[in-house]
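Dropping the structure in here first, questions after.
Going by the order they are written in, the chains are A, B, C, D and E; count residues from 1 in each one.
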Amino acid sequence: MNWAQILFNSAVTGSLYLISAVALTLVYGLAKFPNFAHAEIMSLGGFIGFWVTEQLGAPLPVAFAAAFLVAGIVGYLSYRGIFKPLTDRGASLIHLMVASMALGFILRHTIGEIWGFSPLTLSIVWPAYDIGPLRVTLNWIILIITAVAVGIGLHFMLTRTRIGKAIRATASNPRLALSSGINTTRVLVITWFVSAGLAGVAGLFRGVETRLSPYLGWDILLPTFAVAMLGGIGSFYGAMAAALIIGLAENVGVVLLAEAGLSTEYRMAIPFIILIAVLIFRPQGLAKAFKGN
Amino acid sequence: ACGDDSTTNPTGTTSKPDVNLGAVMDLTGALSGIGSSLADGIRLAVKQANAAGGIDGARINLIVEDGKTDPTAGFEAVKKLGTVNGCKVIIGPMISGAVLASGEWAAQNKVLLISPSATSPAITNQAWRQYFIRTAPSDTLQGKAMAQLVIDAGYKNVAIVVQNTQYGVGIADTVTGLLAGKATVVSTVKYDPTKLDYLSDLQAVKSKNPDVVIHAGYEDDAVIIFKQAAQVGLDSAKWITSEGVKVDKTIADAQAAAFMAKVVTGTNPVAPAGLALAATYAAQYKAEYNRDPGTYNDTVYDATKLAIAAMQNVGTTDAAKISAEILRLGKNYAGVSGTITFDQYGDRTTATFEQWKVVQSGATYKYEQIKLINQ
Amino acid sequence: MAEPLLKVENLVKNYGGLCAVDGASLEVGRGRFVGLVGPNGCGKTTLLSSIYGLRPSDGGRVTFAGRHIEKMAPHQIFDLGMGNAFQFPRLFPKMTVLDNMIIAARNQPGDHLWNSLLRRGKWHQDEERLAIRAMQLLELLNLSHLTFAKAGEMSGGQQKLLEIGRSLMAEPELLLLDEPAAGVNPVLGRQIFAELDKLKREKDMSFLIIEHRLELLISYTDWVYVMDRGKIVLQGEPEKVINDPIFFEVYIGASAAGGAR
Amino acid sequence: MDPILIYGLNALVYIGIFAIVALSLNAEYGYTGLASFGKVAYFMIGAYSFALLVQAGVPWPLAMLLSAGIASLFGLLVSLPAIRLREDYLAIVTLTFGEILRIFIKAEDWLANGVWGMNIAPSFAAGNFSLGLLLNLALVAGILAACFFFMQLLANSPFGRIMRALREDEIAADAIGKNRIKYKAQVFMIGSAMAGLGGALFANFVGYISPESFLPIITFTIWMMVILGGPGSNIGVIVGAAAVQLFERGTIILKDYVDLPVDPTNLQNILFGLIIIVILMYRPSGLFKESKINTLGTRRAMRWLNPSSK
Amino acid sequence: MNDILTASGIVAGYGDVHIVNGVSLRLENGGNVAIIGPNGSGKSTLLKSLLGFARLFEGRIVFDSLDITGLSSDRTITMGLGYVPQTDNVFRNLTVQENLEMGAFVRRDGGIKSDIARMYQLFPELERRKKFYAGSLSGGERQMLAIARAMMANPRVLLLDEPLASLSHKAAEGILEKLRLINEQGTALITIEQDTRRILGFARRAYVLVGGRLALEGEAATILENEEARKRYLGLSG
C-alpha cells in the first residue's frame, strides 16, 4: 500500500472540501441556514471557467477570476432576490433551506439547458511528477496552496477586520446589529458575494480535477456539509482539521473498502458516520466555539 | 385513437389512421453521443417504410422519447409512449437498466420492446421475455470475447473496473466467471457512473499492480476513468474495455485519448466482414445524415425493420402476435448487422466482434480495427 | 420534622472553568414559600436549572419527594410533581395562548398517542376542565383578551405572564419561579404573588422563587436564602435576612458602583 | 380502455401514493417541525420490504402491512440518534441516510438483487390490465382516505398539540413534561410507516423497483407537495401532491403539442424551483393555511369568552 | 426649539394591527423622560416605531430638527440615537469585549479603547467576563452589557426598554447612577420601566401609556404623588 500517496491524496481531497466548506459556512454562519444552492453555484463556477477557457480561449487564471466574479454575482442576486426578501418576511430555517434547494434546481437546469447534462472536460493536460513513491500533478499542488491561503485569509478577515467583526455581529443578532448602526444589508451582500465567489472557485477546481456537469456541485455537497458541520459552523481551524479528516477518511476508506471486498460507493457514507458520531458526542463540532443559550 | 386497427375501415381508399411507433433513445446522459445517431437510424428505416407505402397503407408515425441514459427516465418514457401514445411496439430502451425497469410493465400492458443495444445477460430469461426482443448480442458473447483476449495475452493479475449498473456488472460477472482458474482477479471496483470522480478508486486499483484492467462503461464515465487513470499512472497496466466506450466523444478528450492510445483496447459488435448489406446501409445513412453510422446503428435499423415487417404481417394491435412474428422472421434473417437468428428467448445466437485500438493521427485520435472475433 | 419536599445538598455546576454554583444546599418544605436572592450572576438561575434538570449538575444531590433527581431529565422531574417557569420566557410562539396553557397540564390522558387517537372520550372530559382552568388563570393574568392570539405576538411582559400561567397549569407540588415579577407591571405583580400565596394556603403548594423585588419577598416568603458567588451565604425569615449585615453587604451594597465581590 | 383514460387513472394512482407520503411528511415537518430530508429512504424501505416479502410468498395485504411496520422500525432506529440533532443537521443527516441506504441496496446484491432491481408479481391476478389498474386505484384511494382520517384525528388531539409544541421549542416542551425524544420518535415511526406504506403501494403498482427508482429528487418532490399545499394542513398536502403530479405530467405531455425552445425536463425543474420560491415568498403558509387545533377545549374557551353564543 | 426628539401623532403596530394610537411625545435636549404603563400597553412598540423596527402607520418624528420619519435604523443610529431593546439585547455569539466594540461601530474616532476601559470601570463584573460569550451571561450581567453596549456609541439620545428588569437592588441603583451621570453629561434619555417607583424617582418627566394611548403625562414627581396613578399603574396604593 502506498501510504504516502494516500496521505497526499487526502490533502488534495481535503483542500477542495476546505474551500467549498469555508465558503458554505460564511453564509451558513451569517444567514443561519445551510444553502443547498451552494452546490449549483459551484457547478456554475466550473462552467464559467470552461466557457472562458475552452470557448473564449482565455488562460486559466482568467477563468478562475471569471468563475469567482460570476458566481459571486449570482450569489449576490440570489441574496437580493430570494433570501433577503424571505428573511424580511420572517421565513423559518426550513423555509430558507427549501428555497435554497429550489434555487439549486433552477440553477442546475439552467446550466443543463445551456451546456447540456453530458459531462464536459477541460482540455488542459496537467504535468505529473513522480517524486519517489508519490505521483503529484501541478493542479493538485495549486489546489492545496489555494485552499490554505483561502482558509487563512478568511480567518484573518473575520477576526481582525472591521467588516469581519460586522459580519459576526450580524450573524449573532441582526436586529441588534442594525441598532448598533451596522448596515447589515451591506454586510450580507458582501458575505454572499464572497461565499458564492469562493464556491465558484471550488467548482472550477473540481472541474479541472474531474469534469464538468450540472451535478458537479451536488456530488461534493454532502462531504462539504460534513466538513462544515464537523468543523463547527464558522470556525476556520475547525474547518481545516475537518477537511483533512474527511479527506483522509475517504481516501483510506476506499482502500479499506476495496480490501474488504465492499463496494467503494460506500465511501460517501464514511464522512457521515464520523460526523454523526461526532455530533452525538460533541454537538458543537470540533470547534471550541461555544454558543451560549 | 393511436394504434387502432385499420380493418375497421375496409374501403381502403380513405387514408388510414397513423400507426404510432415508439422509440426510447438516450438523447442525453452518458450515452448522448450515440443516442441521437441511433434515433436517426430508426428515422431512416421508418422513412423508407413510409415511402414504400407504410404498414398496409397506414403511415408510420415515429415518436422518440429521451431515455436520458437513466433507468427510471427510460421506464417513464416507455410508460408515456405506451399509455399516452398507445404504442404497441417501442424500439428501445437502449440501456439494460431501463429495459430491466420496464420489462414487467411492458408485459402487463402488452407493449413490445425491441432493444438495439441492451446487452445485459440478466435480461435473457426474464419472465416477461415474450415482450422483449433484442437485436444486439448478449454480453455473454462479448464477455467471452473479452475474456479470451485476457487469456490469449497470458495476463495473470486482472483488475475489474466497471460501472455499477446492470450493464457493467453483467460484463464483470461474465468475465470473472470465464477467467476462473486462468487468472486471478486482484481487485473489483464497481463505480457509480453518475459520480464521475474515480481518483481514489483508481488509486486503490493501482496499488494492486494488475497486468490488465477489464473495464465496462459508457462514454461519459469512460472519459473520466481514462483521464484519471492517466493522472494516477494506471498506464502501468493494459486495459480491455467494452463497446459502450467506443464513440467519438471518448477520443475527443486529449488526455483520455492519449491514455487510450497508449494502453487501451476494446471490443465492439460489428457486422461480419464484407457484408454487402452493411455497406449499403452505411452508404444510405451517410447520404441522409452526412456521417458514418456508429456502434449499434445497424442493430437499431434491423430492429425497426423487423418490427415494421412483423406489424405488416400480423397487424399492429397485438404485441404478443408481433413478438411471435418477429421470432418467426428471425430465422436466418438477413440484416444489416449480419444474419439474425433468435434463440427461444429472442436473443441472437451468433455475433461478430471487432477488437479495436486508438491511434493518433496528427493532433487527433481515431479508432482502428485490430481483428474480428466470431462468437 | 418530616423530610422536606425538596432537598439540595452541595450542588455544584461548572461552566468550563467557571464554577457558577459552588456547593449550594437548600431545602423547601411542603407548603412553604421560599425566596432566593443574590446579586446578579451569583448563580441563582443556574441553581434552579440544575435542580430542574435543564443543566445537569456536576456534583451534589437533589432529593425531591424522597427521590434522587439529579440525573433526571426535566420531563421526568416534571412528572414527579415539580414545575418551572423560565427567567426568559420560552413559549410556543405560533400556538395560541390557550394551547400554550392547556398543553402544560399534568397527566393528560391525551398525552399518549394511543389515547389521543382512539380513546377520545378519555381526554375529552379532561379538555373541558383544562380549558376552564386555563381561562381562570388567563383572567387572573389579564391575558384573557388574548386567548386566541399567538403567544409570540405579545409584549415582553405578557409573555412573562403567560410563562407563569403555563407553569401554574401543571398544578405542581413545587414550583420553581425565576424572577416572575421582572418586566411585569407592579400592580399585576402583586396580584400574582397574592395568588401564589393563596395556592400555598389552599392547596399546600410550595414555591422556590428568585426575585429582586424585595417588597414582594418580604410580604410573601416564609424563608429566604441569600446566594453569593455560587454559595448560600445566609438564610432565615425574610425580616431577619433583610436586616442582616451580610445581606446588606452582598446584595444591597454600600456603594452602588462598587459591586464588591 | 382509451389510452388517455388509462393515463389519467395512472396519474391518479400516483397522486394517491404520493399524497400518502406527503401526509407522512406533514406529520413530521408540517406539525412537528422535523426537517426530514430522507423521506425517500422510508419510501424505499417500504417498497423493498414489500418486494422481498411478496417474493417470499407472503400474501400481499399482509406484506403491505409488514412493510409499513418495517419502515416504521427503521424510522425508530434512525431517529434515535438523529432527533437529538439541530434541525439543520437533522436535515443533512437524514438526506445522507437516504443516499447511504440506496448505495447499500445497490452494493449488497445478495439482499435485494442490487442494481438489477426486483420484479414484483402483480397482486391482483386480474388478468385484465384495466381491471388491475382500477383495483390499484381503489386500493390506493382507500389507504389514502384512511391515512387522511388518521392524520386529522391526530392533529386535533392533545398529541397534535404536543407535536406543534415540539416544533416551536422542544426544550420548553420537555420542561412541561413532554419527553421530546419519545414523542419525536413516535412521530418518526408514524411518518415512516406511512411513507413505507406508500412505498409498498408504489412497488405493487409499478411492478419493478431498483435503487435508481429512489433518488433524492423524490424527497424534494414530496417537500414541494407539502410546501405548496400548506404544511400543517392535511387537505393542503393532498392537493399539493395532486398539483405537483399533474404539473410534472403536464410538462411531459406538453412537448407533444407545442414546440418548446427548451428541454421539457429542464423547463419543468426550473418552473418547480420558481414556484416554490414564489410560494415561500408570497404565501409561506402554502395554499391551505395551517388549521388551528380544534378540540373541545377550544370550543369551551370560546364559550367562556362569549357566553351568549351557542 | 430645544427639543432634541419629538414624535407627533404616532400610530404604529405590527402587520395591519394598530397598537399605538396617536401618541405624541417630546424629549428636551439633555432631558430625562420615563414611559410607564401596564403590560401590553404599547410602550415597546412606541419606541420601536421611532427607530423603524415596528410599522409606523402615521406620525412624524423629528430628531435634532431633521425629519427622520421612516429612516432605516442603521441611519438613525449613526445620527446619534442609541437603543437598548427589551429582549435579545446582546450579541450572544460575540464576547463581552466584542459586544462593546460593536457598540462603537459607528464611531471612527480614536477614543474607543479608552471608552471600553471606562465601561469596565462602570461595570466591573463585565471586565471579569470580557472574554466570555455574551450568551453565557446571567440575566443581570446581560442587562449591564446591553446598556454599556449602547453607551459605547456616544449617543445623544438613549432609548432604554426596561433596563432594570432582572437587576438586583444594588445593580439597579448602580445603573441609574451611571445613567444619571451620562445624562448630566448631555445625553438625553427615554426609559421604559416597570419598576415604577424607581424610575419615577429618577426621570424628570413621565408618560403613562395605557391601551396604546397616553393616559397621563407630566412631571415625574407629580405622577408619583397622583393618587389615581399610584393605585392603578404604580402598585403603590395607600
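Basically, a residue touches a chain if its C-beta (ideal position, glycine included) is under 8 Å from a C-beta of that chain, and two chains touch if they have at least 3 such contacts.
Note that the structure is predicted; figures quoted are calculated from it, not measured.
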Shortest walk length in steps over touching chains, chain C through to chain D: 1
Remotest chain, chain A as reference, centres from CA atoms: C
Which of C-E and A-E has more C-beta contact pairs: C-E
Chain whose mean Cα position lies farthest from chain E: B
Distance between chain centroids, defined by C-alpha means - chain C, chain E (Å): 29
Separation of chain A from chain B, taking each centre as the mean of its C-alpha atoms, in whole Å: 39
Intercentroid distance (Cα basis), chain E paired with chain D, Å: 50
Chain centre separation (chain B, chain D; CA means) in Å: 37
Touching two or more other chains - residues of chain B: 28, 68, 164, 190
Chain C: positions in contact with at least two other chains: none
Shared interface positions of chain A, touching two or more other chains: 263, 265, 290
Interchain contacts (touch definition) - all pairs: A-B, A-D, A-E, B-D, C-D, C-E
Residue numbers on chain A that touch chain D, as the complex places them: 33-34, 82, 85-86, 89, 91, 93-95, 97-99, 101-106, 108-110, 112-113, 222, 225, 229, 262-263, 265-266, 268-269, 272, 275-276, 279-280, 283
Partner chain E, residues of chain A touching it in the complex: 165-166, 168-169, 171-173, 175-184, 289-293
Chain E to chain A touching residues, read off their complex: 51, 53, 72-74, 77-78, 83, 85, 88-94, 98, 101-103, 105-106, 133-137, 149, 153
Residues of chain C that touch chain D when the two form their complex: 52, 54, 73-76, 78-79, 84, 86, 90-96, 98-99, 102-104, 106, 108-113, 116-117, 120, 123-124, 127-128, 130-132, 134-135, 144, 147-148, 166, 170
Complex contacts: residues of chain A adjacent to chain B: 1-2, 5-6, 9, 13, 116-119, 121, 123, 125-126, 128, 130, 135, 137, 209-211, 213, 215, 219, 250-251, 254-255, 258, 261, 263-265, 267
